[in-house]
Amino acid sequence: MIGTNLRRQALLIAAFGIVYAVATAFAENSYYQLIMTVVPVWAVMGLAWNALSGYSGLVSFGHAAFFGLGAYSLALAQIYWGLSPWLGIPLAGVVGALAGLVVGFPTFRLRGHYFALAMLAYPLALLYVFEWLGYQELTLPMQREAPLRYMQFEDHRIYAWIALALMIGAMALTSLLERSRFGMSLLAIKQDEAAAEAAGIRTLAWKLKAITLSGAMAGTIGGFYAVVLLVVTPPAVFGMLVSAQALIVAMFGGVGTLWGPVIGAVILVPLSELLHAKLGNVIPGIQGVVYGIAIVAVILIAPEGVFWKVNDLMLRRRAGGNLDQPPSAGAVSAVVSELPRREKSGTVVFEVRNVSKAFGGLQAVRDVSMKVVNGEILGIIGPNGAGKTTFFNLLNGFIRPDQGQILMEGKNIVGARPYEICAAGVGRTFQVVRPFRRMTVLENVVVGAYVHAASDREARANAEAALAQVGLERDAQLLAGSLSNKKLRLLELGRALAGKPKVLLLDETLAGLGGNEVEEVIALVRRLAARGVTIVIIEHTMQAMVRLVDRFVVLNDGAVLAEGQPADITRNPAVIDAYLGKRWRVANA
Amino acid sequence: MLEIEALGAGYGAVPVLNGVTIRVGTGEFVAIVGPNGAGKTTLFKTISGIVPPMSGTIRFDGGDLLAVAPSARPHLGIAHVPEGRQVFPSLTVLENLEMGAATEAGRRNWAENLEKVYTWFPVLAERAKTQAGALSGGQQQMLAIARGLASSPKLLMLDEPSLGLAPTIADEIFERIVAIHAGSGLTVLMVEQRVAEALHFASRGYVLEAGRVVLEGGHDDLKSNDRIRQAYLGM
Amino acid sequence: MNAAQLLENFLQALTAGLLTGAIYGLMCVGLSVIFGVMRVINFAQGDFMMLGMYVAYYAFGLLGAHALFGTAMGPYIAALLAGPVIFVAGVIVHKLLVSRVTGIRGSALESEGHYAQLILTLGVALVLQNGGLYVFGSTPVSIATPLSSSAWALGPFYGDATIFVNQGQTVAAVIAVLAVLGFVLFIARSRLGKSLRAAADNPEAAIYMGIDVDRAHRLAFGFGVALTAVGGGLLASGGPFQPYVGLEYVIVMYAGVVLGGLGSVSGAFFGGLTIGMVQQLSTLFLPNQLQNTAIFVVFLIIVLLRPQGLFGRAARRT
């Protein structure tokens, strides 16, 4: 994510692990040894929360469910079957993963607040169930004859080292994932789920994988926690504070990063433990207060967390003044007359048949039919509110038409999900640009490339090629949020192109651009068409479009008003009336 | 009455408006036209305080408008009829009008304003007890305008009153706006894509493209200007 | 168990459900007002309820509601007192904390701002719960009133089926219903109530009307926690409670509000009423410990099958 490569990351993790292991060796007091053990435990919980909520943006208030199930699986397996914790901890992980899958499948139908609240209900429901089952207090039996087999060490530092090993495992896993298709897809979902789906990301599948992994991590560490404490009670493992601590260490340190949860745990866990030890008698509940204040402070002062705050500060210092980058070369070099010739094969690649859509009483699109020929540039125009964007949303599967068919290469795609339509070769951009703002330009485009790439490497190569096509290769490492309007438009074009579309739907790509910029983008779109991409472009005005498109379809009031060559359309009285009003035609006739 | 000087504004770091200068005199009817994305709605939102300005000044009635909190601006006499109508759907028509009359002047002249509004838009009187969400698009637009008028404004700002309306309904709305302007002497600032109507009724007009004023002038200068024809029809 | 006994048990549970449900309804209305106007889910709602219980407890004991109004009516006066006290507390919490991440400012934060509100109130909840442990102690307390241990006997019906209606709960339920009716009237008729609804419908347009949306949010937050606190105060004479009690009611309230359709005030009341009945009726065939689990399960089913609620309109801006 942030310039560091995998190797440097691995070295950093290893260095951190060694320092921590050595520090643990010097902790002689059993109280400090316990703290050294608990810090990695909550770091792993934070990483588990982060793997789902940090990357996908779906906030979970219920990670205690996975943690508690892990703890109880281990304890019950050891008590009833005499299972060794060495096997019990992996078992706890498997139980956590299954729980994640079972919880995720129904709950991902929900979004936003509903998702967060539903997640809260799972651990609280389980808490009462385990009390009712009679497991108010499970104690792991002492196994003095086989301490090693049952992880019952005299030297408590060993627990801290095991915890550290688990944490390093979780960190390694996270760092591998965050650079892969997995992490990128989740990040894209977090920033704009609809745009991600339109770029070909199978959002539900990725979210399910994320919650399964997250549940596995939380279950594993829950099992280990049972071994450390030797006693399992429902409030201790299913309680609100467990879910809250997972969320808080991750948010405090920095959401969506490898180091965030670790930083959060290293700062907050010892702080609350020490305060609890010093003041616990005077101020009961001090731990909860510390976590509460920490999260309130983070939200108000640095909602992105400590990691991002420091990272942003460092970036700003490094950038120090040279923020004004020279404009990339090749601007305004395009002249309309130099544009390449294009071949139109005459075969219909995309066809719309009698499509209608109403919202409540409002007929947004009525009985629209059109054919798009391979290699053609078709312009769809119409005044505001004519139903143009609704029409595009029908075409790429965001909404389903009430009636009619949409045929991509002869196959009806009505009812298909947006990512399936994207995979079938229909790419799109948005009227209001929807970049993934916290990702770099290249990463944005890589997300769009996954749909037709077998490997991460291929996706990256396709993305770089797409960036070169739109002329953004020099901006590849900039954050998308920092781009100008024109470059954002180009970025969206690049993201759509990286998925190797056959038909590209462009929604008001020219809106808000100045004179020269319009010419540049027109030249680019024509070059794309010359390479065989069929283009359907929506615009409000005809101004630049007459120089771009082969054919116009004019929408008004949700229906096709006129269709034909640019020269005819601009003289069509019905079109002039729709745009400028009757008065204009009469006055200037 | 309204003096906008070298105004720059936008969302995040990217400016949408670049040095826009616009003047509206008392009693004038001024139209602003231009294609999508030109910054017309952003301009209105900056006047109302929803979008913070980056540079420039806005003066209203001689005072610095930018120093006034957004929710206090309507009390100065600015009524903003937003794009897409934005009536309060769960409130009744009458309650919507009451909300419009939340300003001091609006409360003072409530009975009188209500009568006027009902004469201009009789359908609102008929449907006074209906939830605004249940009205048709044209009726909602009438309600939005009436709601603005209920505040006893000095300046009425209309953002695309014809948006999404069938042509005949839009014509009807236009006629009412013209009648209201003629009848009340209210100052009107209107963003509109139906250029011919907008320029026909307005005393002056501005053409906004890509965040800048590219053309301004009186009614007759603009009506047959090729720049406008080109902006919309590309010829 | 014969049919008459079954009927008796059923009617008994139904009555208890209606009485508890009325108080839950009031609590849900509080949460719903906050969500309806601000589009914020207040995680700390249960803890404001807990504060309401303690305010009622201390108002009854220390401040003399007991001495002034006697043990019979004293607890109810004390519960009503919790309203204004918690209103002020809510307004302060909103002004200092919540307002920084909500309203027009919060909506500029895009999707991240969405969660900022939820997580901020989670922090407030943790501080209130655990701070409450320090201030109020962990020993459960309750308000003793003779009414809560006396009952009217109704019946016998169909032979010998007799049901007992707890007097304390009945008075509490009547007060809760009156409070809800009063608030609904306030929201429907008063100018302030209408402007709160306008701010809820469309905050941007409300600003164009000259409505101070930040103030509307502050008041809504205050009203919301105050209503729930009165509900808490009414429950305070029903049984012992401690500073963590809010958690038990968090899901009760969410379930009721979601059932009624997020943002619908009258829907929230009926949602809460339904949840009270579900809780009590579940005791007919589930062990007592699983009462709350029954609510969670109902909650999950509602959320998964009908997130727009059973009674209300769909919440459009979630």
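Letters are used for the chains, namely A, B and C, taken in the order the chains are written, and counting of residues starts over at 1 for each.
As a convention for this text, contacts are C-beta pairs under 8 Å (C-beta built on N, C-alpha and C of every residue); 3 or more make two chains touch, one makes a residue touch a chain.
All of these numbers come straight from a predicted model, not from anything done at the bench.
The greatest number of inter-chain C-beta pairs in contact is found between A-C. Among the other chains, the CA centroid farthest from that of chain A is the one of B. Between the Cα centres of chain A and chain B there is a gap of 39 Å.
Note on chain placement: the centre of chain B and the centre of chain C lie 43 Å apart, centres being C-alpha means. Taking the mean of the C-alpha atoms as each chain's centre, chain A and chain C sit 35 Å apart.
Shared interface positions of chain C, i.e. residues touching 2 or more other chains, are not present. Put simply, chain C touches chain B in their complex at residues 104, 191, 194-195, 197-198, 200-202, 204-214, 313.
Only residues 57, 59, 61, 106-107, 109-114, 116-118, 120-122, 124-125, 128-129, 131-132, 190-191, 240-241, 244, 247-248, 251, 283-289, 291-296, 299-300, 303 of chain A touch chain C when the two sit together in their complex. Across the interface of their complex, chain C is touched by residues 48-50, 69-75, 79-82, 86-91, 95-96, 98-100, 102-103, 147-148, 151 of chain B.
The residues of chain A lying in touch with chain B in their complex are 361-362, 383-385, 481-485, 488, 508, 511-515, 517, 540-547, 557, 566, 570, 575-585, 587-588. By the touch criterion stated above, chain C contacts chain A in their complex at residues 41, 97, 100-101, 109, 111-112, 114-116, 118-120, 122-134, 138, 243, 247, 250-251, 254, 258, 262, 287, 289-290, 292-293, 296-297, 299-300, 303-304, 307, 318.
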